[in-house]
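Shared between the two complexes below is subunit A, which has subunit B as its partner in the first and subunit C in the second.
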Partner chain A sequence: MTGHLRSWPIVLALSVASAPLVLMYVYLFVDTVTNAPPGSFVPNEFTLEHWSFLWHTPRGRPSIWRVTLNSLLFATSTAALVVVISSMAGYVLSRLNVPARGFFLAGVMVLHAFPAITLIVAIFLVLQVVGLYNTLIGVILVKAAIDMPLGIWLMKGFYDTVPWEIEMAGIQDGASRFTVWRKLVLPQVKPGIFALALFAFLLGWGEFILPQVLAPGGDVQVLSVYLASLIADDNNFDMALFKSVGLFYMAPVLILFFFFQGHLMNIYGGGTKG
Partner chain B sequence: MTASRDIARDGPAPVTARAVSARGLASWLNSSKGLGLVLLAPAMVLVVLFFLVPVVVTGLIAFTNMSTATGITGGAYQVSPSALRVLTDQHGMGALAERLGQPTYTVDEQGLATLEEMGIEPGIVAGLRERHLGETYSSRREFERAIRALPERPATRTVKRISAAFSRSLANERFASAGALIAAAEAVEPDLDAAEKQALVEATYTGWTWTSENFRRLATSRDTERVFFNTLFFVATTLVLFNTGYAMVLAIATHYIPERAAGIFRIIWFLPRISPVVIYVLLWKWLAWDTGFLSALLSNFGVRPRNWMLDSATNAWVFVILINGFVGASMGMVIFASAIKAIPQSLFHAAAVDGAYRWQQIRHIILPHLKWPILFVTCYQTLSLLTSIDQTLLSTDGGPGGATEIWSLWIYHTALNNYAGNLQYGYGAAMALVLVVIGITLSLLYLRLFNYNALIIKPRIEH
Partner chain C sequence: MRILLDKFSKSFGDVRVIEDMTLEVNDGEMLALLGPSGCGKSTTLFAICGIHKVSGGRIFFGERDMTDVPSQERNVGVVFQSYALYPHMTVAENIAFPLRIRKLPEAEVKRQMEEMARLVHIEELLGRRPAELSGGQQQRVALARALVRRPNVLLLDEPLANLDAKLRLEMRSEIRRIQLETGITAILVTHDQVEAMSMCDRIAIMNAGRIIQIATPQEMYRNPRTAFVAGFLGNPPIAFLDAVARDGWLAVEDADIRLPVPPGTRTPPDGTPVVLGIRPETLGREGDAPIRGRVTFVETQGRENLYDITLANGSVLRSIQRVSDDVSLNDEVEWRVRSDQIFVFSQNGERL
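The block that comes next holds the complex of A and B.
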């Protein structure tokens, strides 16, 4: 289609524009395993000293493993909640004849567009009153609620692609609507459920402001809050340490993205916020 | 639809039979309506708890003076020095405040009982009861003189202990209810009138109260104006330059290069979005820090090293917009790229045959096809930029000197985290309410704009 037009000038221009980003991410790797003389960015020695945070816990901070476990709990629980609730509600909106279905559908769209972060002051106070402030459960529920509208919307989209004939056949054979959903339709949307779970996990893993506000305590700190407090501490400025913790934190994201790029790009393109 | 009619005609037999045999819950669950409501229930619970309740709570708290000082759940009544000052300054009851602030000495049975417990000689106690019961002294000296005049002539140390036992002061006393406060105040000051009681209760209450002061403050504060224009500038600039503008450049540019190279560039520009925000901003800090990459690079050209992110308001804005824009560009990129892919190839071939230059193709083929995607991205990103907080909080934190303070960050600094330590929930909620109202309005508007009716497919199984 573009036969007589050369593409190398565009590639060159894009490369120049992308250079800062590439530089930043390359140095994220490089700086964690090397040292460079002051004022220079050419490394002159290989070292693992920046990774000592893995076996040596700095005074006054929770252990990195504790924090990682919290992050894992937080991200998997929110993902599980989002997937279960969305695959139920999404089916209703896609297939079932409930009263005010149009209203529910519109509601999901509005909730999806609505910036829930504006409610954080109220949520903060509500959690304090009901005693869920500074607990993982509290912040998991909030995060799941905020991600849920997107989940329902995506699941509805996946269910919409399942042929009606499958359900009709099931009902004619005498199965209940519940059984039809559980045994016949759910297996059809497995890839969608997997993609949503992955996506919700990554959203939870990267989340910063909710745990920062709702669960900042040492026992329930997640990796993002831990890293942010490490960076905010003016007394111990050590960029190589920050980057090592950062890379440790980001590794699961990179691995998942590397393997499941296609799934994720689709969802990101399908209208997430940010 | 035909299939559904077939089902409706031929299908109901087994279903109806089941519905009749099974009773109650089971049959209700088997209906589309029953199962639908059950499956929707968990989602509804979360919506009510974390969307509806917080919206209402935001609206209510915006009309209170709730803060760290007042507490959240309610307060007590405390005759603190500041409460007495309020009584003097705002209610003009200086004399009352002074009397309440001073200890008085009343000889009562309670004090006498305390003396007995303390092991004071019974003779002294009896003497006090006989001669002074019910008397009130407004100064310690006067009371102690009376004690010394007792026939038993207590030693000086005993006198002090006795007077301390009868000292009645409201200063810094906390009362759980207004009734307890008034009762205690009347013990000291027997003839309080209604207005004085009312003023006392109001002045000493430590909990939050209803007020519209937050909105008056928001409307008249100079900060409001500054933060408002900061936000407007931030949203408009980032949106135009990156979320739509640069995203379009990326989508079109990657359209004109080989698929392999295009894929690599898309992944590179996707990194900011998939990276956890804390790391992403950390990388920018590394670039901009005074010992960071930019400073080191430019020092070769004789530029003084500095913290480029925070050294001036202009630089801070450049970084805030770059940091947010690089994240925002990827969404537009993906959406525009898939819209371009959907354009029939024949259009491009025809244009190529006609010898059209690239910019003519872009102008006449691509851009017209991007109208709706652009509108969609603009709408979506307006709201998300308006309420975005992470990137700016982690990079400049509103600095230097509040130059990059945007509305959402202002809420955070007012109600959730500040150096002074007094978090003003009420004022913060009033600020948040502004965004909540904008958010609801815009989301409803988008619903109209992107005609959701087109998305509803009628269920084809009707029971």
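The block that comes next holds the complex of A and C.
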């Protein structure tokens, strides 16, 4: 018991230090389902009016469900693109003796470190020219391309841990290189693929700047842009609505983390071995 | 199927690993490629199965030139040192994989897979995954997977290196039994002379990228072509002793030893320095030439004792004898050598 006694000052200090954070989260939730009299922090009535955006679309705004669908489409499509392409590119960079392999590896590394935001003007112009400005496809392609270096590097790390002999055995058993990859190697990096898919989905779900700049229109808005437009609207300023939408936006992320945090850890467990 | 390597060469970049090697493996024969690490034996193996492209020369399976045929079409069964089983598949799926790749009908796949599982005695393990098997069982699965498509040749890359001593003994005879039962041509790569001698019909001993000698295990043991071969075969190993030719005898002058030239050996001219190879079993209580020395090491092996005896000039010879209690450490002994069974090598290691 002495151990517990000795640690209580630390526990107290940490509690005090983190109390503001906890309070913020508590109020984020409490404020969405209550009203408080002006000037007071203590709520005096329970209400669902702040959640009315779910069943009633305010004038001049897109429907929340339309926006949520856009967000889902955006996040799943970028995740799918990133996973499919990185799982192939990572294999090639890990195993095949392609020309300029070192250049590609270094290039991927540089792109990973490159702040994508500096490209935004150029990307904007390119999308304008090819006619993908203000479309979901356009912004999905851009987001996938920006996430790709991380994905490729990560998958290469996972492939590097698969023993060569398994591939040699597959070749000797008569399988083509593609079959070897699909049937023998890919199952070995399943944890990596799962982790990358989750990671890319979360990155897509949380992305704000790219959709804001490249796809701001009402039909293609995603949740983050919708949320930002709420706070930017000076005429109907509604803090409680903003918090409710924020909570709504956050919920899928919390759920994913809750169920799959073990898989996300894989990124650090398996991916760094490369 | 007969395998022929014709003037086969392999280099990696500027490093020449193997040069102009010619090797023929007869149909149904099991041949060992024996040699120390880095002698090119695994390189040879990987060239035969097509993982490495050859830099020169040709490879024939039977009459067919396989030099430029891709691995997938060579139909070579390989058992890797790590077994390389597919971890996400069950034993049954592992064995059936080569058949499924060939798109055989499912009933046929099942029949052949089960037949092969019976041959290697793993019928009751078919539903397990590789991680749930012991080393010996994994080895059996790897053998079954390599053999199930009836390959032209079976290649074994240090197949016993990952097993413990007892299993190694068991798998040694098992691999040989399966090879004889299927009548397949097999090449075993190993650095362990006991494996090579006990499992194979012939041994090709390699050093630094070339084959030094090809012979049956017994012939190679009795009649090594070079000091390297003599030193590689036999456990406990042969001991070497510097000597000179003197008046038709072989003399170790500073140790007061005179040995007659063994029959079949060319008598070197007077004063030629030579190297004598004396196996531990040829030095003991019986023989014709006396050797005096001091016992500096005794190792009990149960049925036999292994002695090191140090001669007057500091050289060490080994002797293996039936266990007896009359010799102990630091005793001065006078033992005898069967001089007709010693080997005489020139200074560069060639047998005289």
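Everything below uses one rule, namely that the second predicted complex is superposed on the first by the 256 of 274 C-alpha atoms of A that agree within 3 Å, B and C clash if a C-alpha of one lies under 4 Å from a C-alpha of the other, contacts with A are read in each partner's own complex, and residues count from 1 in each chain.
One rule holds for everything that comes next: contacts are C-beta pairs under 8 Å (C-beta built on N, C-alpha and C of every residue); 3 or more make two chains touch, one makes a residue touch a chain.
As the structure is a prediction and not an experimental result, all values here were calculated from the model.
K.L.:
In the superposed arrangement, which partner chain does A:Phe46 touch: subunit B (first), subunit C (second), both, or neither?
P.N.:
Touch status of A:Phe46: no partner.
K.L.:
Contact-wise, after the overlay, does A:Trp55 reach subunit B, subunit C, both or neither (first, second, both, neither)?
P.N.:
Touch partners of A:Trp55: none, neither subunit B nor subunit C.
K.L.:
Per the contact definition in the header, classify A:Leu184: touching subunit B only (first), subunit C only (second), both, or neither.
P.N.:
The answer is second: A:Leu184 touches subunit C but not subunit B.
K.L.:
With both structures superposed, pick whichever of subunit B and subunit C touches the larger number of subunit A residues.
P.N.:
Of the two chains, more subunit A residues are contacted by B.
K.L.:
With both complexes superposed on chain A, which partner does A:Gln172 reach: first (subunit B), second (subunit C), both or neither?
P.N.:
both
K.L.:
Mind working out whether A:Ala106 is in touch with subunit B, subunit C, both or neither, as first, second, both or neither?
P.N.:
first
K.L.:
Which subunit A residues come up in both lists, the one for subunit B and the one for subunit C?
P.N.:
Common interface on subunit A, subunit B vs subunit C: 165, 168, 171-174, 176.
K.L.:
If we count contacts the way the header does, which residues on subunit B are in touch with subunit A in the complex?
P.N.:
Subunit B residues touching subunit A: 3-4, 7, 10-11, 14-15, 18, 29-33, 35-37, 39-40, 42-43, 46-47, 49-51, 53-55, 57-58, 61, 66, 72-73, 250, 253-254, 256-258, 261, 265-279, 282-287, 289, 291-293, 296, 299, 326-328, 330-331, 334-335, 338, 345, 348-349, 352, 358, 376, 380, 383-384, 386-390, 393-394, 408, 411-412, 415-417, 425, 428-429, 432, 435-436, 439-440, 442-444, 446-447, 452-453, 455-457, 459-463.
K.L.:
Any idea which subunit A residues touch subunit C in the complex?
P.N.:
163, 165-166, 168-176, 179, 184, 187-188
K.L.:
Which residues, counting only subunit A, touch subunit B once they are in their complex?
P.N.:
Residue positions touching the partner: 1-5, 7, 10-11, 13-14, 18, 20-25, 27-28, 31, 39-41, 84-86, 88-89, 91-92, 94-99, 101-102, 104-107, 109-111, 113-126, 128-129, 141-142, 144-146, 148, 152, 160, 164-165, 167-168, 171-174, 176-178, 181, 202, 205-206, 208-209, 213, 223-224, 227-228, 231, 239, 242-243, 246-247, 249-250, 253-254, 257, 261, 264-265, 268-269, 271-274.
K.L.:
What does subunit C use to touch subunit A in their complex?
P.N.:
Touch list, subunit C to subunit A: 49-51, 71-73, 75-78, 80-88, 97-98, 101-102, 145-146, 149.
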